[in-house]
Amino acid sequence: MTIEEDLVPALDPNAVPSDPFVVLGRVPDDATEAQAVAHLKEAARLVRRRDIQMVHAAGLGHVGGEFSVVDILVTLYLQAMNMTPDHLGDPDRDRFILSKGHAAAALYTTLAIAGFLPPEQLFTFMRPLSQLNGHPARTKISAVEASTGPLGHGLPIAVGTAVAGKLDASPRRTFVVVGDGELQEGSNWEALMTAANHRLAHLCVVVDRNRLQQGAAVADTNDLEPLGDKLRSFGMEVVDVNGHDHQALLAAFRAVPAPSGRPTAIIAHTIKGYPISFMSDNVGWHHKVPSSEQVAQAMSELEAS
Amino acid sequence: MTIEEDLVPALDPNAVPSDPFVVLGRVPDDATEAQAVAHLKEAARLVRRRDIQMVHAAGLGHVGGEFSVVDILVTLYLQAMNMTPDHLGDPDRDRFILSKGHAAAALYTTLAIAGFLPPEQLFTFMRPLSQLNGHPARTKISAVEASTGPLGHGLPIAVGTAVAGKLDASPRRTFVVVGDGELQEGSNWEALMTAANHRLAHLCVVVDRNRLQQGAAVADTNDLEPLGDKLRSFGMEVVDVNGHDHQALLAAFRAVPAPSGRPTAIIAHTIKGYPISFMSDNVGWHHKVPSSEQVAQAMSELEAS
Amino acid sequence: MNPVLAERSLHDCRDAWVEELVRLAEGDDRIVAVVNDSVGSSKLGPFQQRFPERLINVGIAEQDMVGVGAGLANGGKVPFVSAAACFLTARAMEQIKVDAAYSQHHMILVGQSPGMAYGELGPTHHSIEDLSWLRTIPGLTIVVPADPVETTHAIRWAAGHDGPVFVRVSRMGVPQVNPADYQFQPGKAVVLREGNDVTLVATGTVVARALAAADELAGEGVSARVLSMPTIKPIDTAALVSAARETCGIVTVEEALTTGLGGAVAEVIVRHHPAAMRFVGVPDTFAPTGSVEWLLDHFGINAAGVAAAARELLALA
Amino acid sequence: MNPVLAERSLHDCRDAWVEELVRLAEGDDRIVAVVNDSVGSSKLGPFQQRFPERLINVGIAEQDMVGVGAGLANGGKVPFVSAAACFLTARAMEQIKVDAAYSQHHMILVGQSPGMAYGELGPTHHSIEDLSWLRTIPGLTIVVPADPVETTHAIRWAAGHDGPVFVRVSRMGVPQVNPADYQFQPGKAVVLREGNDVTLVATGTVVARALAAADELAGEGVSARVLSMPTIKPIDTAALVSAARETCGIVTVEEALTTGLGGAVAEVIVRHHPAAMRFVGVPDTFAPTGSVEWLLDHFGINAAGVAAAARELLALA
């Protein structure tokens, strides 16, 4: 196999409106809880700004599911996870897998703001020969643990990573984010059963519970409720949080591993397209591409937020 | 594709010890409950006798899982199901799918005793060009609804059959038997979710809960407990019965469709290898082939039973 | 210049697919559609509005989707199981082998936007393996329409064929390459252009590119025969053997790994009439990121690439 | 008579596989095994006894099994994912494409008892499609050992190869066909017998049958070259082109649909040196019921069938 993806993509700084993009980096270790939350809030704002511009420029993307997961991503990468750009080789560092790979733009942007990816590379998003295609690939980005895109792959892989960690008695934790519609895939339930029976306390499954999938509401497609009962009956420690509340997310992530020894499932209640007025909770925005006017309005709403 | 299986297999009446095999047929409509149970008990005895002889003659088979499911099969085919050899074409007749297709010998023998298959054909079990290979095929036997063998296929197919029945407002019921180890396959959970959300009240999933799979106990491989909670959280009406008690099975099958409108899941508590002393609850007998001496002992134990 | 190519407007064959499906469903209430949250990507909106209860959406669950399709067939329905080709084939391969092919159910599997139609989304969303994977499965018919007319005919034929069929339908814009009075013949190649120097055998979305190559070659005095292959399995052995006998060699052209149509043709040729071949398609690699048009050009799956391959064969002769 | 065939005792290559796995695991604690309730069918008992905690049994869940394997690789382990070939390949095809091949993880997929090893159990348990399916996936190496010696070497090589590998290991008894001092060379054909009239290219369990055919042909004064193909992907183009150039044609021999090795060889031949071929293997059909030996003879995958195919090629020359 020739790895054509190794070719250096042609960068075009004018591809997207150049926007102040600060590599914020992690929340300082000495930050107070309030400072940490402020840091994460600012990061989320910058990530959403860049994300929507990238999607607009590429003419492709999944803004709805990206905006619903942004707060989870920045909380993990800038604070909750023990993972830094200069220690990627450390076997005991935490691991993250975005199983809902279609939200790649949010992941790429979060990796950039956290210092795992050169910001210039964001301009290549979905361009010919770019390392940043529509779904994250581990062969293209060093900080990406697993190539995702087909739903239902990330959780089994996360279970394998967690089993390896347990075999090595490593303190590392593995976080994986799945979509709610994604949970219709049986491969996830196979993996949850395995995780619980192997008592993978260091595994944390985050469900981006935005109640919408590609074409309709999850409830109108193949309902998951009672989701908490399903996850509990499969042996998970279940926690419900507001997926846009950085403080609540921090607390939930800190609680992993759970004293019970069970793997944790965090049902993160989110809003698809959050916080943009015309996108919020609107299934139409699963993979709709915003017009210049819509980008402008979203930008101003993000300032206000 | 050439359908070589259409060639008539060479029958050899001496292949297995010729054993009194009566085509008992259905429980008479005017039979009392006691007479019905006696009829089913006798049928189960004859099926087990023939089954173990077929496996011995073929040198292949899954006696353990066959003996655990026999009572379920005869109760369905000889009494519970509205399905007779002369009305196979009736769209409103009940349907049955053996998802744990490795118990094929038990199905073939039950089909023969119920009049769906010429008893002579049983002699061809697993022989070259036989229509009776190790797993049931719908292209080879008219009474078989679905080709099974790979675990996790039967339930989704049963859901499709039930959806078709619902679209046609047909009174027909669809019964599907799955193994407990088989429930580790995610495809089953996809199908259960679909069944519950489509309110397929006429679907009945029977779990042959013999607590063993191929290589070990289910609990020691990838535990299913709490199974009842799992099934309930996936929207099923759950019933526990003794899978060797014909009367209890009859009552459970009669209760389908459930008033709740939910699909029914019957957890049939069985014993793998039942009722043979040296096979019962012994994982070694998943696909072990009995010696002549073991066949003889099993036969005498079946007489005593 | 091939007359049909004079009409240059491009078509999304999914429009023809859903139009024909609705038309068939009007007259046959056995017809149902089964999807995996793929109503939009399958353009099934019109069908869903017209027959809401006959659109079974199992959610994101491809194994269940194909199994449910087989069960609907068992229940007397004629299911069209429609999903992105990459997930339908890779995720439900055993259900396609066992529940559809081995069980010989009358069910139609519609692989949407295959090949590199989802170019920018990356290799996970490319379905360049599907033809190679499915053509090896016994008892499965594989139809790959080249334009809207052929799509309409293929869907109509499949609805009436008592056996499992896989139809490949793409969102990629294609010109009409077949005449308006086109009649689909299963298992038969379509001679889009006569020629005796070299043969171009193409299928699906890139048949138009093969025709363009023939135009280019004609300008050089080379007469290229162009065979369109709407049926990949069973393949038209007679047409291929004649091509091998009557021309200097065969160039296959496909929006797929060359183990698909290329391999299928090679397997016929070496047994019946050895001849030189060139494969135009995706080589043994996962495609990089890019639009489908960019990727087709990147891999030389275009007039220039096909013509160059043909010249290689002519040089050998 | 090929000397190595003098030793007629038959071997179950699973014994060599597990013996080598345990040996490797003794010296490398990164090595783990992942199974789907397939400890017995993979003959992994000895490994389980020696390294209970390094045997991860996910139960009957193939998608999970391959995904967990990829995760273990991500976690620094070297996973050997072992399951019946029919379920491993058909049920986890997308995980093999994406989690193993596209992700280029160092993981070894061991397809147990492929082909028709489970003959009497029926087509659902036959894995005659696996070579055709997997050889089209970019970035995946496919190794099909012919005997215990080659199995040992293939497992050892795969353990050290930083990329995804599929190894086909069968329960079907085979004689040793390679010399005791055999050295496995990835991507290279093994010349088991020199010859210049016709070439027999065989792989895996049926290499011995190709050698027997060569003996039969020798009796008729025909010198048949016998190439064993332990690596199906990447295929040894040079060896095949020489065979096409130096002999009258090529007969492929495999316990699989002929779109497997047959197709792979045909795709090389038509592009590099067109020559006549015959495919010995399973034709385009699901196999009937029968033991593997009965089925191999039923399809003419034996000395007589291979020799007959070779005579056809000689007659054309």
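Think of it as A, B, C and D in the order they're written, each chain with its own count starting at 1.
Here, a contact is a pair of C-beta atoms (placed from the backbone, for glycine too) under 8 Å apart; a residue touches a chain by one contact, two chains touch by 3 or more.
None of the values given here were measured: they were computed from a predicted structure.
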Chains contacting each of chain C and chain D, listed by label: A, B
Reference chain D; chain at largest CA-centroid distance: A
Distance between the centres, which are taken as Cα means, of chain C and chain A, whole angstrom: 36
Chain A-chain D separation of Cα centroids, rounded to whole Å: 41
Touching two or more other chains - residues of chain B: 1, 137, 147, 149-150, 152, 184-187, 190, 193-194, 222
For chain D, residues contacting two or more additional chains: 58-59, 61, 63-64, 87, 90-91, 94, 98, 102, 123-124, 138-139, 284-286
Topology of the chain contact graph, where touching chains are joined (line, ring, star, complete, other): complete
Footprint of chain B on chain D - complex, ascending: 37-41, 57-61, 63-64, 86-87, 90-91, 118, 120-125, 283-291, 294, 298
Complex contact set, residues of chain A against chain D: 1, 91, 95, 137-139, 145-147, 149-150, 152-153, 155-165, 167-168, 186-187, 190-191, 193-194, 198
Residues of chain B defined as touching chain D within the complex: 1-5, 7, 58, 60, 101, 126-135, 137, 147-152, 181-182, 184-186, 213-216, 218, 221-222
Interface residues, chain D side, partner chain C - complex: 87, 89-91, 93-94, 97-98, 101-102, 123-124, 129, 132-133, 135-139, 257-260, 262-263, 266-267, 269-271, 274-279, 284-286
Partner chain A, residues of chain B touching it in the complex: 184-190, 193-194, 197, 222-224, 226, 229-230, 232-234
